[in-house]
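The structure follows.
We just call them A, B, C and D in the order they show up, numbering each chain from 1.
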Amino acid sequence: MLRIAVQAADFAPGEALDALAALGGGGIGCFLGVVRPPVACLTLEHYPGMTEAAMRRIAEAAVARFDLLGCVVIHRVGRLAPGERIVLAAAAAAHRGAALEATAFLIDWLKTDAPFWKKERLEGGEERWVEARAADVAARKGWGV
Amino acid sequence: MLRIAVQAADFAPGEALDALAALGGGGIGCFLGVVRPPVACLTLEHYPGMTEAAMRRIAEAAVARFDLLGCVVIHRVGRLAPGERIVLAAAAAAHRGAALEATAFLIDWLKTDAPFWKKERLEGGEERWVEARAADVAARKGWGV
Amino acid sequence: MAIRVLYFAWLRERVGMPEESVAPPPDIATVGALADWLAARDAAHAAAFAEPGCVRAAVNQDFADRSAPVAPGDEVAFFPPVTGG
Amino acid sequence: MAIRVLYFAWLRERVGMPEESVAPPPDIATVGALADWLAARDAAHAAAFAEPGCVRAAVNQDFADRSAPVAPGDEVAFFPPVTGG
């Protein structure tokens, strides 16, 4: 089971976990990213078409690598306020090790291999494009390939 | 924020994630364990009093070690059918690395340091106490201390 | 004052009760000595403690090894390695 | 047949448009050559491509480096390093 979504609308993490729990595995790992103060507003831009394809490739790589029963990757776009959900990456596997490793893999790869860009407006009103972090590139490289 | 619960009743993973998302961090990690076929019925026994204290100690260790904003650990007891939720361990942190590592830490420690015992009834009717896995002891030891 | 002894999982099943109150002689002063003394009581207890490598203990709700001291008034639990999570 | 060029994030802001259709001379046959040719068009494009180390590209919706071939009919996108997740 592979569920990929790029959407402006909010999503319900519990629904994603329920869908994964129904697959017959013993463990579900999940990462939920939220907009963190002092960001007053986050705007997420993406590359329609390429984004969905990239997310699907990442999800398929995770399924193959960790022998997953399924995974869910949901990424929001548009304007988001502090505390709002941005991204969910979740994976179901027979056991906890694979589920949690796959979750880390999904979010690490999303950070570097999916065409999203974040613009922050700080509480003072200043706007800036978020710069890619060397740590994210290193995390991605840590998976090899 | 620390939420510990040992209960016979089911729980809503989405509520736990919402509570953690409200703490101002950027990342929430979560592990959800479910009863996996071919187990026909799982019965969880625990040591009332010691269980809650052990879970609180594990949660406090995770908060200190990973600088968490909060964590939730819910463990069910009693009789559970395939597909039913058993355990949820979730952690909120500023960033994803700490949130996901803390989640793995919580579940690894729960497996070895909290007084729960599982009895399985298989589809054929045979009953057996689940044996502790050497892999779980190794995972716990991997965290040091 | 007696020692309250609790049993869990297959130890509980083999002993045939979830707990009991015992008053061992004063030289029974450690977890290991208490386990051996209990095992000598009857066949049910002997069966519960037959695999000492598979028996864990807690004293007053903290994990304890065989050398841990026990005294009247303590709560001592015996159980197999834990399997939660 | 032209090349469709897309811009994202601050490249889009600097160029002043999300996409354009261009028909470079036939010797413009790689991502890098196309970027240099676009940068020479006007001040806005020059500003967008002023930091080549910060510009990434995709050809037909696959990440591509400067040496990747481009041809009429392709969709070529330029953008900063991605920052999703």
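The rule is simple: contacts are C-beta pairs under 8 Å (C-beta built on N, C-alpha and C of every residue); 3 or more make two chains touch, one makes a residue touch a chain.
Keep in mind the model is a prediction, meaning the values are calculated, not measured.
Q: Could you work out which chain's C-alpha centre is the most distant one from the centre of subunit B?
A: The chain lying farthest from subunit B is D.
Q: Give, as an integer number of Å, the spacing between the C-alpha centres of subunit C and subunit B.
A: Those two chain centres are 26 Å apart.
Q: If you average the Cα atoms of subunit C and of subunit D to get two centres, how far apart are those centres in Å?
A: 74
Q: I'd like the Å distance between the centres of subunit A and subunit B, where a centre is the mean of that chain's Cα atoms.
A: 23
Q: Centroid of subunit B to centroid of subunit D, CA atoms only: how many Å?
A: About 49 Å separates the centre of subunit B from that of subunit D.
Q: Show the residues in subunit A shared as contacts by 2 or more other chains, in ascending order.
A: Subunit A, residues with two or more chain partners: 33, 96, 107.
Q: Which subunit D residues reach two or more other chains?
A: If we look for residues of subunit D contacting two or more partner chains, we find 85.
Q: Quick one: which chain pairs are touching?
A: Applying the touch rule to all chain pairs gives A-B, A-D, B-C.
Q: What residues of subunit D sit close enough to touch subunit A in their complex?
A: 6, 8-10, 12, 58, 61-63, 77, 79-85
Q: For subunit A, which residues count as touching subunit D in their complex?
A: 33, 44-47, 49-50, 53, 75, 86-87, 107, 110-119, 129-132, 136
Q: Quick one: which bits of subunit A touch subunit B in the complex? Just the residue numbers, please.
A: 12-15, 17-18, 21-22, 24-37, 82-83, 85, 94, 96-97, 99-100, 103-104, 107, 139
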